[in-house]
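Next, two complexes with chain A in common: one pairs it with chain B, the other with chain C.
And then the complex of A and B:
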């Protein structure tokens, strides 16, 4: 017996929208997320402090009796139509008729000399830490990398009285101008972007600019930046880096869903290559909040069997997909970034493997076997995307547990006969 | 037709790599054909326990000889081979198994393998994370642990330094005593051909009695000092010995990195490499029975591998009866890391007509195999 009709993994915008829409049709719905609060990367905040549209979705999910399973990480799929979930105090198995993967994305890190120093962190990571209490007031922060996330993080830091020194965007000015023109077709986005710019008044926003080295003794003290012919050093307490996002596809891969170009492949109903498994949001490709929401709604309806209602949202999704394409195009990481790490720069920080050692191998599997690159606790979730960018190698298969999991969780359930 | 080699080896696992090194060191010209990364087959999946095992007199002779070869070379390995002389503890659960410990000690002593009996208190002191009230253990201090893929890579590297050639990314399609026909149709002529393709060997030499025996392993995050020896339940031998049922046994290994490698399972008839949730659960439960504190440790990955099993549990080392220039070096089941070095010696001894350090007859492919169980 399934425990629910529709099970949603991930409670970010896509998951919340999916769970709500599925529940509206009368389906029984459960939603799991490995965080204590719903909201995902963008809306996550201490309870009760979620932004307005987040609160609306969370509220309507509650109203429609979506069962919310917090702090629960999916790590295996022990039998058809069942997943295993680890909580801080135990393990449980959930059965479903339809599954929606709304597992979002993570930041892409690109190695450069010094990137492993304490206080060099992900842009989204620093924001998440700040949201959960890290004091940033008066701290000197340099934000570097690519994409709109840098602006969002800068705005947040500024609002919390941080001293944001500058934003280093690797994309060219002309790529951004072209992107800005396409934004004009999306009034909502334009306003958001302008609003961001306004809030940022006073923060230098430098295009074609990137970090070439982070320096410091025991922790970060300064970053050397490069822009065209010029290199200079900025003192700072934090360097927040984000070179775009990478879809989280582990669970999809574990279930055997087809992946394409690093994201979960879906059809127009957001259905994966497996009939009762759907996917929505950034797991299916990086596209921002609005696209995640509308994909979630479509997946929610479709998974609950209301495909006609899903269809009414296709036009909206098409619009946001165009935007996503423009975004991807404008902020694609430049070739020059491949020259940032030196031979002795660490690529795999779990296992301390340098670029030189990885490069001496013929492919990802050999690098893994002979250098231990990607064999540590992150299992290539950090270095995999970097190696793919630097050397063009795709990382290999996933196996349970797809995330580090306590041994007792792997043994608590009765093995199937 | 290309250059003719003295020896052409199909397979760049630890067995093929060791054979290449040994033959090249003897001055023979050697080529190795390997489609994937060096040590990417069972060698990448194995635990890397260098262990003396006493399932049969021929097994103890081979494992003991090979372990001696490992010990003699311990100092020369680069750090990434991770050779650690951790020693083995054969753990006895009760009085009956303690009797087995005594018997085992006598066998080891008779062939000069150091071994000492630990009582319950000494065992608890040696490995505080084992469950209390175990009966004792046999400690075999000179057993060791290595990281097999890098050991294979090192051996092949040494062969290359002595002039061997690797045809990387190429695959053997057909073997005969005259040479290796590659997938792309080309032919590599040789005086002697060695089939060292592990569990794949029957596809190149049809009719040999080698079956795939699947095993699962789990690796944890780093917990330095949690375990000191390779810990194996005495029942392991029963598990490895039985040729019929699926089985699991408690087998935990400390890695140089501080990680723990947890095994082991044995399954026939499973052809695919995916994780079997049922076997994994059984195996980890068994491990927790012996070591309850494992429950709270974090596992970061699991995988499977295939052992190349023969009916009498001894490898096939030497010429095929029907083609004396076609050698086999396969069928090492769960001991191919340990016995790789001895296998290489015995292969080179036979093709160079040197006197081997131990009798080769029990391992010859033409032997009559008495199936146990």
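And then the complex of A and C:
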């Protein structure tokens, strides 16, 4: 017997929208997430207070009796229509009729000398810590990498009285101008962009600029930046650096869902290549909040068998997908960034494997066997995207457990003999 | 501070607001090295969202806990750089 009709993995915008819409149709719905609170990364609450639109969706999911399973990470699919999750204090198995993968995205980290120093973090990484109470008041912060997230993080840091020295955006000015014009077709996005610009007044926003080295003895003290012919050093307490986002596809791959171009492949009903498995949001391709919400709504209706209601949202989804395409085009990482790591720069932070050692291998399999690159606790979640960008290797198949898991959790979820 | 949570980081008592993650408590305690890498380098949080495993610490004797995903609780004993 399944524990629920629809199980949603991931409680960010896509997952919340999916769970709510599925529950509205009368289906029994459960939602699991690795984090202690719903909202995902974008709606990560500061001191338990979710933003207004987040609160509305969270309230709506609660009202429709969506069962919320917090602090639970999926590590295996021990039998058909069942997944195994590990919590801080134990593990459990969950059965479902339909599954919705709303697993979101992570930041793309690209290696450069010094990137492993303490206080060099992701852009979203520093924001997550700040929202969890890390004081940033008066701290000198350099924000670098690529994409709209840099602006959102700068705004948050400035609102919390940080001394944001500059934003280094690797994309060209012309790419951003072309992107800006396309924003005009998306009024909601335009208002967001204008709002951000006002909030960011006084922070230099440098295009075609990126960090070439982070320096410090025991922790970050300064970052050296490059822009065209110019190279200079900024003293700072934190470097918040992320080069866009990459979809989280590990659970989809574990289940055998077809991937396409690094994302979970879905049809018009957000259904994956497996009949009762759906996916929505950043896992199906980076597209931002509005696209994640509408994809989640479609997946929720479809997974609960309400495909006609799903269909009414296709036009809205098409509009946001056009925006996503423009986004991807404007902020694609530039070739020059491949020259940032030196041969001795670490690529794999779990196993401390240098670029030189990885490069001496013929592909992922050999790199894993000979150097342990991608074999540590993060299972290639950090170095995978970097190696793909630097060397063009696509990561291979995923094996359970997809997260480091306690022995007792593994032994209790063995498939039936 | 409303309803502070009392815990210890490397044996030193610290009080943090409710809702604070262990990663933040470790940073607030003045610790910059959360763990040592396999070759002995100092490491600290990178992703802040539970995927990179750089913020691993020991919590109540259990090793390899991702400090960015665990909310602080009263009486917790956290050991960084174990």
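In this text, the second predicted complex is superposed on the first by the 410 of 417 C-alpha atoms of A that agree within 3 Å, B and C clash if a C-alpha of one lies under 4 Å from a C-alpha of the other, contacts with A are read in each partner's own complex, and residues count from 1 in each chain.
We take it that a contact is a pair of C-beta atoms (placed from the backbone, for glycine too) under 8 Å apart; a residue touches a chain by one contact, two chains touch by 3 or more.
Small disclaimer: the values here were computed from a predicted structure and weren't measured.
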First (chain B), second (chain C), both or neither touched by A:365: first
Which superposed partner A:404 touches (first chain B, second chain C, both, neither): both
Which superposed partner A:376 touches (first chain B, second chain C, both, neither): both
Touched partner set for A:124, first chain B, second chain C, both or neither: second
Which of chain B and chain C A:206 touches, first, second, both or neither: neither
Contact breadth on chain A, by residue count: chain C or chain B: C
Touched partner set for A:78, first chain B, second chain C, both or neither: first
Which superposed partner A:116 touches (first chain B, second chain C, both, neither): second
Contacts of A:178 with chain B and chain C, given as first, second, both or neither: neither
Shared chain A contacts, counted only where both chain B and chain C touch the same residue: 376-377, 404
Chain A - residues contacting chain B, complex: 76, 78-79, 361-363, 365-366, 369-371, 375-377, 379, 399-401, 404-408, 410-411, 413, 415-416
Residue ranges of chain B touching chain A (in the complex, touch as defined): 36-40, 44, 80, 149-150, 153, 168-169, 218, 220-221, 262, 274-275, 277-278, 280-282, 284-285, 287-288, 294-303
Chain C to chain A touching residues, read off their complex: 16-21, 23-25, 27-28, 32-34, 37-39, 41-54, 56, 64-65, 68-71
Chain A to chain C touching residues, read off their complex: 34-36, 41, 45, 47-48, 71, 73, 88, 106-107, 109, 116-122, 124-129, 132-135, 218-219, 248, 349-352, 376-378, 381-382, 404
